[in-house]
Structures are given as C-alpha cells and as structure tokens.
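Paired with chain B in one complex and with chain C in the other, chain A is shared by the two complexes that follow.
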Partner chain A sequence: MLLTRLKAGGPAIAKQGILVAFIVFMIAFSLMSDRFLSADNIMSVFRQSAIIGVMAIGVTIVVIGGNLDLSVGSMLSFATVLVVDLHDKIGPELAIPVMIMATLCLGAINGFLIGILRLNSLIVTLGMLSAIQGLVLIYSGGQNVDIADQSGTWFAVFGRGAVFGIATPIIIFLGLALIFHVIMTTMPFGRRVHAVGGNPTASVFSGIPRSRIVFMTYLISALCVAIAAIILGSRVMGSQNNVGQGYELQVLAAVILGGTSLLGGSGSILRTVLGVLMLAFIQNGLILMGQPYYTQWLVTWAVIIVAVWLDVAAKRGRLFSPIA
Partner chain B sequence: MANFTQIPLLRWLMRNPIWGFVLIVFIFFSLAADNFFSERNLMNIVVQTSTIGLIALGMTLVMINGNIDLSVGATLALAAAFAVDVQSWAAFATWGNWQILPAVCIALLVGILMGAINGFIVWKTGVDAFIVTLGAMLGIRGLVFVYTGEQSFYAMNFAYSDFSFMTIGPFPVLAVIFAVAVIAVHLLLSRTVHGRNTYAVGGNREAAVNAGIRVGPHMMINFMLIGFLAALSGVLLSTQMGAATPNLGRDYELWVITAVVLGGTKLTGGKGDIIGTLGGVLAIGILRNGMNLMQVPAFYVLVILGSILIAVLFLDKRFNRSADGGLRL
Partner chain C sequence: MRNSMRLLLASCGTLALAGAASADTVRIGITQNNVGIDSYQTTYERAFIEAADANPDVEVIVLDAGGDVARQISQMQDLIQQNVDAIIVWPTDGQALVPAVRNAHREGVPVIVTNSNIAEAGMDFIAAFSGPNNIQQGIYSAEMMCEALDGEGQIVQITGMPGYTTAIERQQGFDDRLAELCPGVTQLDIQPGDWNRERAQRTMETLLTRFDNIDGVYSGDDNMGVGALNAALAAGRAEGMVFIGATNFAVGYDAMERGEYWGSVYQSPVDDARAALQTALDVLAGEDVPKLNYFDTPKITQENMHEFDRPVF
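This part shows the complex of A and B:
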C-alpha cells in the first residue's frame, strides 16, 4: 500500500514531508493543549528557537556545499564568552565587532583546512570542536562571565528587546533566514554552493572556484554563530564557558529534519527553518502536555529517522533498503 | 633513506605513525614528569583509557564497515544506570553478592539491544548510520533520563565498587579486561571470516553484496558488538564510581572517534586495525595523564588533542595520496 503510494504521488508528498509532519504535529498538539496555539506561546517558541535557528542557517549552507560543521557548538561558547567578557572591558560597541572578527577567524581556519587543504570536514571540525572548547576555558580561566550593569546597557536590545511588539531574536532569525534564502536561491553564489556540493569535480571543470566557495561557506557559518552569540549573550547577560556544548548536534538534527542531504548539493534554508521550528514546537508541546523535557529527545529520535527514511524511500522508490 | 626502511621496527612505525607519537610522548613524559614512569602510574593509564578504549575497539569495526556510531555515550550511560539499579531490585534482594550478576547481564544485554536497534534501522531503511545514530544519541539519552528520572543511582553493595580495585596478580582487573578485549577484537578482525567481511563491506559494499556477504546482518552484528562494548565500558565506569549519573558518557563519542581516527582508521571504510586504534587510545591517555602530572590545566589538553587530530589528518593526506578521506553517506 504505502509502497505503491510512494511510487505514484510519493515524491511530491515526500518532498513536502517535513511540512506535512509539521502540520500534523501542530494539529495534534493544539488538540491536546488549548494554550499551544495562543499567540504568546507561538511567540515564545519562535524566540527560544532563534539561537539554534540562526546557527542552523549557516550549517545548512555548509552542508549544501558538501561538508559538515561540528565546531559550531564550541564556537558559540567562544563567541558568547568573548562578547560578554569584552562588554564590560571595552564596551559593547567595540566588543561586538571584535567578537565577530575573532569568530570569523575560527571560521577561516575551518575554511582553510577544509576548503583549501581539502581535509575531511567531519574530522577537522571535530578537532576544532575540542580545540575551541579548550581555548574558551583558557581564555576564561574556567570561570563563568557576566555583565555587571544588566539594566543599563543597550546590548540588551538583541536578546530582550522588541520592535513593533515582535521580539528582536525573532526578527534577526527570520530576517537572516530570508536574506540567505534569497542568496542561496537567486544569486550566483548560491548556485555555486549547490554545484560544489552536488558534484565537486564537475564544478571545478565548470570553472567554479571550489576552494573559495567552501571557504566562504565556513565564513558564513562562523558569522551566523557570532550573531547567535550576540542574541544569547544579550538574553542571558552572562555566559557559562561550555554554553554551546551539544548545540552542534541539535543544529544538525534540525538541518537534517529540514531535508538537507548530508551528501551535499541539495537543501533549503526555509525548510531548515521549518525543521528548527518543528523541533522547538515538539519540545514546547510536550512540556505543555506536562511531559518532562527529556521526552522531546525520544520523539526527536523517531521523527528524524522516519523523516529521513521517507525521504530516502521516495528517492529509491522502495520503502526498505534492497541490501540483503 | 633506503637504509632506514631496511629496519623492521622503523618500517612498522612508518605504517603506524601513531605509535611513533606514542613513543615520543612516552619518552617525553618519562623525562619531564616526576611520577610518570612508575609501575603504578602506567597501570593507572591503562585503567583510565580502558573506558574510551573499549568503545574504540567497537568503533573501529563499525568505521571499517564505513559506518559510524554517535550513540555510544548514551548507551554507556543507559547500561551503567541498569547495572547499578538492577542490583537493588527486590527480586534479587536475597541473592547477596550474586545480585551483581543479573545486574551486569541485563546492562550488557541492554547495550546489545541498543546496538541491534541502530543496526536494524541502518540495515532496513538504508538511512546513513551518521543520521541514525545521531537520532539514537538523543533518543537513548532520553531513555536514560526516563529510566533514572534525572537521579543518580548509587551502588549499595560495596562488593560492586570494590571490584574496580581488585587485581589479578600485579595487574588491575580493569586493565586485564581491557587487554583481553583488545586481543579478542584484534583476533576477530584479523583471523576470522567476520573480520575479513568487515573490510570487504567497507571497501566496496557493492562488491561485498555480489560476493554473497549478507551486508545488512553483518553491519547489524558490528553495531551489536559496539553496543556490547559501550555497555561493558559503562559497567566498568560505574564500578569505578560506585554510581551511575544520567549525564555519564557525554562527549565520549567524540573522544572515541578521535582515538580511532588517530589510529589510522578511515572514515570511508575498508581500512584500519586494532593495533592502530590501541595506539590512538594510548596517545590520548598518556597525553592526558602526563599533562595532568605536570599540572598543565586540562584546557590545554583539549587544544593539543584537537590540533594533533587535524595534524594527523594533514600528514596522512600529504603522505598517502590515495587516502581520500571523504565521509561516505
């Protein structure tokens, strides 16, 4: 049954599988909790998902380019500790650009090793994950940092402020998603990233500067991390030195859920946003239903595997793998 | 140059560069750190590395297969929780010290079951192991929290926590278990049909299918093996602490993969061995222990290990042009 349906109208549905699943979850949760669909709750889910969301935008671009970035979690710790620590030392107007530059340097190291030297991205970013975590601890001396004057600083606007009643993190997240969506779908750069991820050899023969494109994707990823760190630092007004630990895998889970292929060459920023929101709404819905927070991990487990499975099944036209 | 390659030891070191590194750091710390070169400390290193080492043995199999397992840290925590909790079940209340036996058996079975679930999903759905085990890493950690209710379990039977201090002759029992596991997995990989198939499946999956290897069940067995080894590691870790915490084993998957990659196993599959993995594990263990003795803050170890990982990858790429090293998905 399912098999034939997959063959017939399958690909079209499977392509929008994440959207269908999203709607199903939304309906299910709104039936089970009357607070779920209230404007307040939806706003708070969007606001909470902004940090993971901003990071996921960058990682999506890296993955479309055919690579992975596992270092974003450590990089978030690095950027947040740096911006919070520098805030009191040199003031926010200097702290933000300094932090962005430092984070871009880390991104450039990733980009150099993976784009120019062509080393395996999984291992390089794994190494960077531990190296950057070490750097954070050396920098902070193992201490947590915080901002002394929390009410008087304009730095608060990024995490706690609002424009026209919409919280700034939401505006930053959705605005950034829109900008990068336009870049990835309409501009030459976006086409080149798709080409490099889809078929690296062919892209080189077509005259695309593969090394430079991969390098750029890691710079973008680092930039997104820096922006996420501004939101996080501003919201918490302080930072633990391992605040980003484990974020890399949550971000990757959202990207995969959004249907971006780890093989590279295909994926979409807007669907990643959907993946991020879906994970956030699952978390929120389960908590509203009175479940402990860790049940979301069990649900996420099932959702990720089923989503990717249906995607893979639609592509090969068979539900089960033909491997004996 | 020609003369150097005549010497068997040097030739061997060139094929296993990580052992050269192990040798260098070993000599360095023996000279630089006061208490490093003592029988007690060396045994300590083996015991400390056995936790990551046991899992790395399984990861070597899985990675030679061309797969990866990110869920080992969570499996370790789940097994540890079972091992400590089952002892206090009312059913075994009258068993005395024998109550440890069913507890450990259940814990190991749970590990095998988690591996079987991963392997079965990889086999049947054809979804890449990276994604399957990434999901399982979250999901199994969820199971740990559901099972423990976010509490730590403490072993009430002191025989359990005394186990880790036992010795067989001059050797700590944990070191002996690790050594036995190393030899067993090494023999499995180098002397048996299953081991040969492991390389075949990782080297060329299509060809392996055509050669009549049942690739799906084969991969599932390797996932069950890594599940077992992760569970064993969890049990041994909980005997050392006399307790099991829900956050046990976080980030272990990263350490384990680092160790295995340092040992020369390729992410693309088809290449690697236990001797290399043992070198990778010892390199990490000696570095951590030696720097600890020299009172270098643990932070620097992270930076150094990350840098070494990337350096090894770079050197490997420079000197083995054939090594592509791309992740197969």
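This part shows the complex of A and C:
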C-alpha cells in the first residue's frame, strides 16, 4: 500500500518526507497532551529552539559544501563567555562586535585548514572542538561569567525581548533561515556551494573557486554561532565555560533529520528548520507527557532513524532497498 | 607541560633533600583532578597550597592530572618513587584509579581520597576519604523546602547530569528526607538539567506549561536553580515560588540577596582543601581516622547568608 502511495505521490510529495513525519508527530503529541498545541507552548518551543536552530543554519551550509563542523559547540561556549564577560567590561555595544570578530577568526582557522590546506574536516573540527574549549578555560580561568545588571541592560532584548508579541529569538532564527534559504537557492554563491559539495572535481573544472567557497561556508558557520551566542548570553545572562558542550551533536542531528546529505551537494535550510523544530517539539512533548528523561534519548534517536528512513524511502519510491 | 611538571618534581626533590634534615617534616603529594576547568578546583588548589605553607612541618608536591586518568596513575607512581609520606588524590575516575591506589597501599604509602570518592572496590586500600556529603546536602535541601512551604505544596525537581554520583546522591538524600519529613509536599516531576543553566531554563519552561501550580523548585545546584528562576520570572510566575538549590554559586547568592531565591547548601573549596590536608596529617600522626570524613556544608538561606562570604564561583 504505502509503496504504491509513495510512488503515486510523485516527486513533489516524495521530497517532503520530513514534513510528513513532522505533521504526524505533531498530531500524535497533541492527542496525548492538551497543552501541546497551545499558543504559549508553541511559542515557548520556538524560542527554545532558536539557539540550536541558528547554529544549524550555518552547519547545513557547511554540510552542503561537503564538509562537517563539529567545533560549533565549543565555539558557542567561547562566544558566549566572551560576550557576557565583555558586556560588563566594555559595554554591550562594543562587546558584540568584538565577540563576532573573534568568533569569525575561529571560523577562518577552520576555513583555512579545510578550504585552503584541504585537510579532512572531521579531524580539523574535532581538534578545534577541544582546542577552543581549552581556549575558553584559559580565557575564563575556570570562572563562570555573569552579567551584573540583568534588568537594566538593553542586551536583554536578544534573548528576552519581543517584537509585536513575537519573541526576538524566534524572529532572529526564522529571519536568518529565510535570508540564507534565499542565498542558497537563488544566488550564485548558493549554487557554487552545492556544486563544490556535490562534485568537487567537476566544480574546479567549471572554474568555481573551491577553496574560497569552503572557506566562506566556515565563516558563515562561525557567524551563526556568534549570533546564537548573543541569544544564549542574553537569555541566560551568564555563561558556564562549557555551556555549548554537546550542542554540536544536537545541531548535527537536526541537520541530518532535515535530510541534508552528509555526502554534500544537497540539502535545504528550510528542512533543517523543520528538523530543529521536530527535535525541540519531541523533547517538549515528552516532558509534557511526564515521561522520564531517558525516553527522550530513546525516542529522539528512534525518530531520527525513522525520519531518515522515510526520507530515503520517499526518494527511491520504496521502503526497502531494491537489492535485498 | 610535561617539562614544567618534571621541573616541579625535580625542585620538590631538592626541597625534600633539604628538608630531610628535620625529622618532623612530612612530605605529602597531591594529584588533583583538573585544575582550571572550574573555579571550585582553582580555589581548592590555592587554598591547599596556602594551608600547607602555613604549616612549617609540611612539604607538599602539588600535581594536576588535567582530567586524564592515565596521567593521574603515572603521577601516583612518581609520588611513590619519591618516597612521599602520604598521597592525596582527587580521582579523575573513581573506578580506573583502583589499581593505582592498591599499588600505593602495597608500597606502604597511605592514600587519602579528596572531594569525590573512589569506587567501592578501592575502599579497602585507602586510609581515608575527605569531602562533602552529597546525601546530607540533599537532606538539608529537603528540610529547607519543607520549612519554606510549611509542609504543604507541589514541587518539581531539576537534577544534575544523569549518572553522576553527585547528582544521584543529592536526589536520593532529597527524595528520602522529603517523603519522611514532609508527606504534604508532592513532587510533580523530576527532570534533568545536566548542570547546565540554559538546559535547566528550557526544562523549567516546559514544566511551567505543563503545571498550573508549582509552589517550589529544588535544583541539584544553584547554577541550574537560577536557570529555573529565570524561566519563572519570564513567565511572570516567580512570585511566591520557593527556589532551593545546592552548592551555592555566586549567582545563587545574589538572587538570595534580591529575595528571589530561598536557600541553598554552602560548600567551600577552601574548607574542602583544608579538610583534605588535615585528614592526611591525622593519618600520618597515627590517629584513629574514620574511613569517611565529611566536612561541614551548612544550609545557607536569606536569613543567615551574611555569615558567609559570597562564593568565588
């Protein structure tokens, strides 16, 4: 049955495996908890997902370009500690640009090693993961940092503010997603990233500056981390020096759930947004249902597997591989 | 790093030769877990060196394992080679360190474990443990919660990282004592905050959506407690909600000062370091030292907070 449906659905629906899975989960959860689909809860989950979401936008672009970025978790710790610490020392109007510049430098190191020197991205960013964590510890001396005047600073607007009743983190997240979606789908840069990730050799022969494109994807990833750090620092008004630990895996899970190919060359920002939201709604829904934490780990894993399977099945038009 | 460690060892060796003239001097080696990873450990190291300097009969060799259990094991072997009188160890891994502790025991060097205990299998080989009592800390928090709510109400609990001894023991102490002392207080749900303030904030936001009525929140440490407080403040529901934590952090201390946070448990790295050194000295003096030595981690509330210094972390 399902097989024929998938085939009959044609390519348009077949590409939307993740959307179908998302809708199925939303319906299932709303049947199990009456608060799940309340406006407050939806708003709250969108707000919660903004930090992971903004990071996932950058990582999606890196992955489409045929590489990985595992350093984003440590980079988030670095950026958040920096912006929070500098907030009280030089004021938010200077702290934000200084932090963005410093974070872009880290992205440039990734970009140089992977784009220009052509080193393996898994190894480089795994190394950067621990190197940056070390950098944070040297900078902070192990100290947690906090913003002293939490109610008086305009820095609060990024994490706690709202515009027309919509929380700022949501506006930043969805706005950024839209901008990068347009860039990736309609502009030459987007096409070049796809080309470099899809077939590096062919892209070079087509005259695409591969090194520069890969370099740029890591700068964008770092920029996204810097923006996520502003939201995080403003929301929490402080930072532990390992605050982003483990976030890289949540980000990667969302990107994979969104159907972006780890082999590079294909993927979509908007589907990553769906992946981010789906993971956030699952965690939220399970707590609303009163499930203990370990079910969240299990269910999250199972959902990723099923979603990836459905996605692959939709693309090839059948549930199981033709080669038995 | 390794060179500076060798240098340190060499200079300590020279010191030891110089000190060998006086018969009363004891030499104690310490291998710490991961100095610099957090301010608790950084302060601990400073306090330990100060306490040792203040005592003319003590010489210390201070080492740090940098969170690496293999390095810690070789540091213990080095210390044995140097004929120290006792070894203090802050385990990087309570299980993997057991053979090294057994080895020291066989060589006749007493081992004192500090801050977090070694696995059960190693207990026979250590002279003593010195550190905080996490179960007792959970009990204190339950007593404060009971008092703050007058024995009546609904609460949620946000625990530390699942699987961590500290998290498990605090929860156990809290759950048991609360049920016994305060049957009128019910726990609506228990969810982890992973020692992470942002994660705790997210968890609390969802719990606030799920329950219309939450009278109190117990968090496994103040860092997460302040995250929960942030969530309640943002939802406009912090008024009248009782927040109780453990391991008083500076942010928790400040929130208490503002009247937003009810109480916590005060654990000082300085007391922790001094207690470890004293336990080692007691062991070397031949005193009858109990296996488990807990230093006091008192309750801190809005009322008595000014008897305590603002925490350094």
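Assume the second predicted complex is superposed on the first by the 293 of 324 C-alpha atoms of A that agree within 3 Å, B and C clash if a C-alpha of one lies under 4 Å from a C-alpha of the other, contacts with A are read in each partner's own complex, and residues count from 1 in each chain.
As a working rule, a contact is a pair of C-beta atoms (placed from the backbone, for glycine too) under 8 Å apart; a residue touches a chain by one contact, two chains touch by 3 or more.
Just so you know, these numbers come straight off a predicted model, no measurement behind them.
Superposition note: with chain A as the common reference, chain B and chain C are in steric clash. When the two complexes are overlaid on their common chain A, residue A:163 makes contact with neither chain B nor chain C.
Touched residues of chain A were counted for both chain B and chain C, and B has more of them. In the superposition on chain A, A:143 makes contact with chain C only, while chain B stays out of contact range. Look at A:179: by the touch rule set out above, it reaches neither chain B nor chain C. When the shared chain is aligned, chain B and chain C each come close enough to touch A:294.
In the superposed model, A:105 lies in contact with neither chain B nor chain C. In the superposition on chain A, A:40 makes contact with chain C only, not with chain B.
In the superposition on chain A, A:284 makes contact with chain C only, while chain B stays out of contact range.
In the overlay built on the shared chain, the residue A:27 is in contact with neither chain B nor chain C. When both complexes are overlaid on chain A, the residue A:236 reaches chain C alone and has no touch with chain B. None of the stretches 238-246, 256-264, 274-282 or 310-318 of chain B clash with chain C in the superposition except 238-246.
Shared contact residues on chain A (touching chain B in one structure, chain C in the other): 137-138, 142, 245, 292, 294. Considering their complex, residues 70, 121, 123-128, 130-132, 134-143, 145-146, 150, 205, 209, 214-216, 250-251, 254, 257-258, 261, 267, 297-310, 313-314, 317, 325-327, 329 of chain B touch chain A. By the touch criterion given at the top, residues 33, 35, 38, 40-41, 44, 48, 51, 137-138, 141-144, 146, 160, 232, 235-238, 240-241, 243, 245, 283-284, 287-288, 290, 292-294 of chain A touch chain C in their complex. For chain A in complex with chain B, the touching residues are 68, 113, 117-124, 126-135, 137-138, 142, 245-246, 249, 252-253, 256, 262-263, 292, 294-298, 300-302, 304-305, 308-309, 312-313, 316, 320-324.
On chain C, the positions that touch chain A within their shared complex are 35-39, 41-42, 162, 189-192, 195-198, 201-203, 205-207, 209-210, 223, 226-227, 230, 234, 249-251, 313.
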